[in-house]
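Chain lettering (A, B and C) follows the sequence in which the chains are written, and residue indices restart at 1 in each chain.
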Amino acid sequence: MAKQMTTSLSAREVSGKIRESLPDAIVEATDTAVLVDGQSLPQVASFLKNTPGLDFDYLTTITAIDYYTYFEVVYQFVSMEHNHGLVLKARCYGRDNPTLPSLVALYRSADHQEREIYDLMGITFEGHPNMKRIVMWSGFQGHPQRKDFL
Amino acid sequence: MELRTEPFVLNIGPVHPSTHGVFRMRATLDGEVVLDLEPVFGYLHRGVEKLAEERTWSGVIPLTDRLDYVASMTNNLAYVLAVEKLAGIAIPERAEYLRVIMSELQRIAAHLVSVGSFLNDCGAYFTPFLYMYRERENIVDLFDMVCGQRLLYNYMRIGGVSQDVPEEFVPALRLIIPRLRSRIEEYEWLLKENEILLARTKGVGILPRELAVNIGASGPVLRGSGVKWDIRKADPYSIYDRFEFDIPTGEVGDCYDRYRVRAEEMKQSLRIVAQAVEQLPEGPVRADVPHLIRPPVGEAYGHIEAPTGEVGFYVVSDGSIAPYRCHIRAPSLMNLTALKDMMVGWKMQDLIVIFGSFAITMGEVDR
Amino acid sequence: MAILDAGIAGAVRQMEAVPPDWPGNPWWHWLVFTVAIIVFVLVMVIIVIYVERRAIGWFAARLGPNRTGPFGVLQAIADAIKVLLKENITPASADKIVYWLAPAVVFAPVIMTFAVVPFQDGALLADLNVGLIFVVALGSISTIGVFMAGWSSGNKYSMLGAMRMVAAVVSYEIPVILALAGVVMLTGSLSLNDIVIAQERVPFIVLQPLGFLLLFIGGCAEINRSPFDLMEADSELTAGFHTEYSGMKFAMFYLGEYGEALVMSTLIATVFLGGWQGPVLPPWLWLIVKIIAVFFVMVWTRSTLPRVRIDQLMALAWKFLFPLALVNLFVLALETLAWPEALPLYIIPVNLAVTGVLILLGSRLYKLGWGRVEV
């Protein structure tokens, strides 16, 4: 019986396609993930969503990881029609006020997840309509999930 | 002549007479009609993701129980799958079959709770709720037999399951499968065509298909809107590709469709359990994995189809005995993104019904 | 007028009619019956609460209360004592006088209704010749009490609950009154005693099945029983209009709710099921049996049916029950004109057929409330 899996697209191939239209966006492309430049994230996401053949219409997860010198945000995209997936990463450097552009206009699933990352990690997403704390109460100081909080 | 009215703000929750946990909605009402809605989360936030960084890889498993506390087995499974993907561990056959049996039984139990609470919100005074709990008692007794716990099981381990099932498990399971089947059909017969239930739920709280995909919905909420997307078929994990089952979908995406999807899923889960029990092989139930496991440096994302939707664990390892980062993709939090769109324009009583049809567990939303 | 053939009129009557001032002196009559009615109402409310809690438990696959007293009979008394010992909290923003009066206004009409209910032929406190209008009017006074409670609590939830209640009761008065008007047409008198006596041959439920259904559904809606219990919907708005009440005042509302259920059951039992008439047992026992039977059906619908929404409730009253009640009255008027002396026996299946046709037609043609409002 053939196993139907969500195939992870080879990131190198997809990054080749992205590089054709948005040459400055890609920083690095490994086998598993494509690392893009933070500020060009909405353009890359829009390219992924609207290109026929890619059609990534389902953003499942946004994860933020604290690597002491930089924050890395991981986006998992899935296309329901073709049943393939892709992992996108973006980094932001500096711990004082890291920012990234928001993807809420394209994918509403980013709404609550970006608020949570702002609340717990401190990364501000520009363009988010409701950038408030979601799990901690509104007067809380600090960002609990950072490695230097406790 | 227009009657001049003034909208007022009503706080629904966090201490709710409904059975859905601590959740607050600030609704702006004009008479009975909802004009605006703002959900407020965070009343049950316990910092599970941060706590996971302080424990060993195996020590995170009891934490995952407490996420969706109505369906603990599936949460365990999601985390364990992620770690096994990261460390490249192969699992014995008997363990795979036991995992599938436990997951599907858990799915039936969780759907019984969801449907029972939904009907309680619609107003049938506890009767369907208690009937469904009576069937859930059978399943929970089986779990008690296996791992000694009735609600928070802590049964899956990295590399298999924690212990083998006792001898009386399989005969007891064979005994309750036909009983569950006939009882679930009886409840369907009592409720499916009930006029009042149809009037309260048909056409109410519609989630259109494109919006459902855009907000990242999963589980019965997504399938109720007509999208045939189930992780067990789209990206099969464990041994789900060996079993025959269908994926029920709704048509419109109203509350009635979500209720029907859950009811049908219970029947499909029974099919899987019946097939798995027939094929259960002998053998060890746990791979030879050290207790203080140190997976190689890397990242992995393991996701499963839990009763509420797609539960995913994104684990990052730096080679030590504790996870570097363990992020939980909570399906209930994603499903609630479109809450305002679905509720505006309906009346306050519909608010309760629509919220009940999501069947969320606050432990998962807030973590 | 007599129903069916007046020839064997006295066949069912077992005893002589009780004279209107029974022990001889009107003051003794008043005293005896007042005490009897108060005792009857309080004991029956306790029995009714017991029946409800046990029956709802059995319907939901569990036992009801079965520890306090033999078979749990004293549970309601235990609850009453507990409630008496609780603190009476008055919210600061409440309107004191109205807040204090509301429970009394809700509970008093319940006892007053039993002044005109016959326990035996002629055994009533007062055989008013407008008995039925008296009963209906008292039902409306309870509604004023509920609205007083909701308004004086100073709480948004209570106000919402009270306003829903008033809307519902006012809408359902009309099918109830039209159903009762049908019975009055068959009897020719508004006195409850005459209505019971006129049911010697057949109880009116057989002659007026649609009227019975209208009175049952309308009655359930008037007293806020499921499936129309929006006002006290536990899973929605905490407790509706009696949220801010505690202690004895809350007990009054609780007793008042079951008292009204008792009154509605008594009304149905008297007007449609034949009151105190029956072969072997004493007449007051028959009345109690019939009341409990009707109440059991109310409990049955409560435990099995979900709740309707407020606009569906109003639509049901105005668009379904009201036309049905009008047509019912019209058909009955035609029958009464055609046979002014006595209705023939074959009118029974004709009435049943008319009921069936009307309900089918009505349910096909009407839409349950409106849907989403564009905001």
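As a working rule, contacts are C-beta pairs under 8 Å (C-beta built on N, C-alpha and C of every residue); 3 or more make two chains touch, one makes a residue touch a chain.
Treat the numbers as computed from the prediction; the structure is a model and nothing was measured.
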Any idea which chain sits dead centre by C-alpha averages?
-> B
Based on the averaged CA atom positions, which chain is farthest from chain C?
-> A
For chain A paired with chain B, centre-to-centre distance based on mean C-alpha positions, whole Å | 25
Just curious, how far off is chain C from chain A if you go by their C-alpha centres, in Å?
-> 63
Where the CA atoms of chain B average out and where those of chain C average out, how many Å apart are those spots?
-> 44
Along chain B, where are the residues that touch chain A in the complex?
-> 41-42, 45, 47, 49-50, 211, 213-216, 218, 227, 229, 233-236, 241-242, 299, 301, 303, 310, 312, 314, 316, 324-325, 327, 329, 333-334, 336-338, 366-367
In the complex, go through chain C and note every residue touching chain B.
-> 56, 59-62, 156, 160, 226-227, 229-230, 233-238, 302-312, 368-369, 371-375
Over in the complex, which chain B residues touch chain C? Could you list them?
-> 8, 10, 17-19, 32-35, 119-127, 129-131, 134, 194, 196-197, 199-200, 203-204, 344-350, 352
Chain A residues within the chain B interface of the complex | 1, 3-6, 32, 57-61, 63-66, 74, 76, 80, 83, 87, 107-109, 111-113, 116, 120, 133-137, 144-145, 150
